[in-house]
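Since the structure comes first, as structure tokens, the remarks are kept for the end.
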Amino acid sequence: MKLIKLEPGLKYDGSQIKPMWAFQSLGVKGSSIVSWIGPMNVQPDELIDYEDVGLEIKSDEMIHFIIEHFDAQPADMRLCYHRQRILIMIVQDLLQEIGIKTHRKGDDLYCDEGKLSVSVATCSASSMKIHFAMNLTSQGTPKKVKTVGLLECSTELDIDEISKLPDKISKTYKDEIQDIEEDIAKTRVF
Amino acid sequence: MKLIKLEPGLKYDGSQIKPMWAFQSLGVKGSSIVSWIGPMNVQPDELIDYEDVGLEIKSDEMIHFIIEHFDAQPADMRLCYHRQRILIMIVQDLLQEIGIKTHRKGDDLYCDEGKLSVSVATCSASSMKIHFAMNLTSQGTPKKVKTVGLLECSTELDIDEISKLPDKISKTYKDEIQDIEEDIAKTRVF
Amino acid sequence: MKLIKLEPGLKYDGSQIKPMWAFQSLGVKGSSIVSWIGPMNVQPDELIDYEDVGLEIKSDEMIHFIIEHFDAQPADMRLCYHRQRILIMIVQDLLQEIGIKTHRKGDDLYCDEGKLSVSVATCSASSMKIHFAMNLTSQGTPKKVKTVGLLECSTELDIDEISKLPDKISKTYKDEIQDIEEDIAKTRVF
Amino acid sequence: MKLIKLEPGLKYDGSQIKPMWAFQSLGVKGSSIVSWIGPMNVQPDELIDYEDVGLEIKSDEMIHFIIEHFDAQPADMRLCYHRQRILIMIVQDLLQEIGIKTHRKGDDLYCDEGKLSVSVATCSASSMKIHFAMNLTSQGTPKKVKTVGLLECSTELDIDEISKLPDKISKTYKDEIQDIEEDIAKTRVF
Amino acid sequence: MKLIKLEPGLKYDGSQIKPMWAFQSLGVKGSSIVSWIGPMNVQPDELIDYEDVGLEIKSDEMIHFIIEHFDAQPADMRLCYHRQRILIMIVQDLLQEIGIKTHRKGDDLYCDEGKLSVSVATCSASSMKIHFAMNLTSQGTPKKVKTVGLLECSTELDIDEISKLPDKISKTYKDEIQDIEEDIAKTRVF
Amino acid sequence: MKLIKLEPGLKYDGSQIKPMWAFQSLGVKGSSIVSWIGPMNVQPDELIDYEDVGLEIKSDEMIHFIIEHFDAQPADMRLCYHRQRILIMIVQDLLQEIGIKTHRKGDDLYCDEGKLSVSVATCSASSMKIHFAMNLTSQGTPKKVKTVGLLECSTELDIDEISKLPDKISKTYKDEIQDIEEDIAKTRVF
């Protein structure tokens, strides 16, 4: 699984959730986790979650992760959503380590009452995709939803820690998936 | 998914990880999560984790969970280990809510340096099984490993909270799996 | 599996066979069986069965069933067509109970020489869909095919029995699928 | 799928449900349906249905079918039980054609109150197996269960029709499975 | 698996790789291998291999094979690419038998330095597709790539042998796949 | 995929085909290909190919390969046999490069009329296994079969080339499987 960190600035518009985006846009072949900081404004025809139809999905500055897995063939939506949950629980752990306490409802993270993150998972016949993003600030987020950014979650935040987050999250997630594979390879089955 | 809570006392000897144990021993048909408090002493020929060969796996008093899933056919070891991780991260969250801070390495939970839990997952062609158990105290645990029990993790522990743990864990896990299924049913695929 | 019965009148135009139709149109999340009475006129670009290309698929009044299953991940066309056959054999049984004798060729039901029903199954990566519909009368059906409606199959038909059919079919199908799941959970595998 | 009809006499003792029985005992390679007339007496350690533990499963004279499918890899218990249901519904149809009216509960057929048949399905990692058998008479069946044989279901039975049953059932089942495969190959997916 | 040989002349434009092409264009239902001699000019929007974007994929005269498999449900891209490799290694063997020595890199065949063949595999939810084609001459091939045709690979080529190639390749491939299925049916699993 | 080369001498007795052998005996975790030179004498109760029942399977000196794959979950016998064929075709290619011409029937290699190799594949729920071995000489092989060893296939054999074979085969096989995975990751699906 390749770890890619992009320069800040790429706008997440929903097209990045499409299978093979990393290969077609970045030349990254195989399973990967791509992270970057940038705005989000999802186009209606790029919506993946049918519950989001008609909603604004936008923010001025977020930490984004786009994950693609090719290991399970054919791709398996159920496995993909399990991985999404594992990713988000890893994020929650790492945030707590730097003093940001969140709670989770399904695939959403909250600081107090404020919605901190967005996430969706999907697949084609051959790959599984996950998008997860956290607001850095609540600027540019939809008015109808109470939102919050990482920088607003804690008063004594170390900016340096925030900047290390994307790499730490990517690496921890990659290690977890690898660790699961190793567990399979030492387990007796019936 | 059925939630079953047994009377305290059943010894976990490794036989409970076998597929269909809940049906054969308890008459519980279908996916289930069974919890109870009891000792553990795994017989060598019941070992599932080949890395445990030659080790003692025992404790005088633990909270046990045995989970069986029949939803994925054929059963999928990879999905099973993802669910194991989700279970353990849920446990970690719920422990923290009652003031017990743990850290996780793979499928093991630790309080400080002490190993708090054991876990294994396995499958047959038709079902996926998970065993997870936490020491209540470190009594009766192997001498070669530094272990700890829940009651030793915190000085200001509320026994009442501990007693509520099994049900809370079972219910939260069940809800999470159900929540994932509902997410699948609202997601556009490619 | 949710059982939904719609008010009469919805025209089946082929769009209802699309994955997630029940969620997008009716807000029904998860596996479901939706039934209603209404006309049918399948648009050419909504055709699922490539053998139907160029044919008229229409009728003025039919009992419709739209089934969606999310249990098998990834969705499995083979399993889906087995379920379609089971549905149709269930229908045949229930029709016979109220005195309507039919015979079956593949996924079509006939009264004597008249074609009584239409059906198709399909899937996306994440769900399996079945449409099955029976003519109430042969009005509005294609002229090139000899068709028949339920009300024309028997001279001594009890209208009350016909009105109970959709619910009975839906419930019997749901019970059968559930029964199969329970059988899996009590079966030794090798 | 090969159709094999054995000479009468082989006792079904449960060993025939094991994967590869047709190859090891009869030299039949690949998917097959084997039928024969003979007694049954299932040994306790050959039990497949855990609900049958402790029960007598025997009869002096039955029509037996042993089916093995290798098409789905890995083998799928869910698909296997769907096929079992289809087989039994086919049997029911063919019985009715010769004047024997039965009703079905799950995978059991009844004439009036008498249990006519036994059936079980199972699988290994690579094949799916079904056993289905109908009593010809109720002789030698367990006393604790009200049973019936085909020859006792109807007063005006044509023995000649009974003797044609095994071949008709095998052929109709084979054709149905083949028909499903052909339906897959003409279906648009999403 | 049906073997179909078309009259020479059909241009491969990429549309033939689409699932169900053999059924929709030729009325061939089920798994098949279709071969013919004809030109190739792949339209950009019919590209399957994202690495080919922007490249010309054309040739004046090639031996084409289009394979579709419906046996694995859901279709499996990994299995499909394994079959593609097996096909190409079979071609290599059969070419060598008639004195044409090639070497293989992934799914490409070369005579000396010249690229002899093109190939791609893909799938939908329900079928797996392979296209493989070899230049007869290098006429009409892209100028940016060093290419070669079968007729240019050897100085002492028997045209009669070339004309027998399509049938031999199709039959050998079909036999190999069938042989694998038979091996499954005689293998003990754990 | 790990490449392991053992010291000469280990006798292949059939136990090495069991899932997890590499982990339990060698401590190798995950997918691997293990090669060594040693004798073979398969114990009857370790037979995997039911057609071999009653046959002697032995040789004094062979090059052995034991492959285990954990990538496909659940393990897939069909994929496993495709990989076995690919392995054997790779061996055939590499033998030819050093002047040893063989022909292949299914999973057997022959020099002229002499059987050069043995092979079998199998799986558990979680891993796929392949054993392939070639005689170095025909010493110690069963008398009822005409066999041959690599050293007897050619008069002008370079012993140095033979000694390089195991590594070359292992590496080429590993690269091929990796290459297939990369092809999946650049392919458009429908």
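Labels for the chains are A, B, C, D, E and F, by order of writing; each one numbers its residues from 1.
In this text, a contact is a pair of C-beta atoms (placed from the backbone, for glycine too) under 8 Å apart; a residue touches a chain by one contact, two chains touch by 3 or more.
Computed from a prediction, not measured in an experiment: that's the story for all the values here.
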| item | value |
| --- | --- |
| Any chain that touches chain E and chain C | A, D |
| Chain F and chain A - chains in contact with each | B, E |
| Repeat of interface C-D, chosen from A-F, C-E or E-F - more than half of residue-number contact pairs shared | E-F |
| Rotation, 0 to 180 degrees and nearest 5, that superposes chain E on copy chain F via CA atoms | 180 |
| Label of the chain whose CA centroid is most distant from the centroid of chain C | F |
| Distance between chain centroids, defined by C-alpha means - chain B, chain E (Å) | 50 |
| Centre-to-centre distance between chain B and chain A (centres being mean Cα positions), rounded to whole Å | 27 |
| Interchain centroid distance [CA atoms averaged], chain D/chain E, Å | 42 |
| Overlap residues in chain A, where contacts from two or more other chains coincide | 19-20, 23, 50, 72-74, 76-79, 123-126, 181, 184, 186-190 |
| Interchain pairs in contact, sorted by label | A-B, A-C, A-E, A-F, B-C, B-D, B-F, C-D, C-E, D-E, D-F, E-F |
| Chain B partner contacts - residues on chain F that touch it in the complex | 20, 23-24, 73-74, 125-126 |
| Chain C contact footprint on chain A (complex, rising order) | 50, 53, 74-79, 123-125 |
| Residues on chain A engaged by chain B in the complex (per definition of touch) | 18-19, 47-51, 72, 76-79, 81-83, 85-86, 89, 92-93, 104, 106-107, 120-124, 176, 179-181, 183-184, 186-190 |
| Chain B partner contacts - residues on chain C that touch it in the complex | 19-20, 23, 29-31, 70-73, 124-127, 181-182, 184-190 |
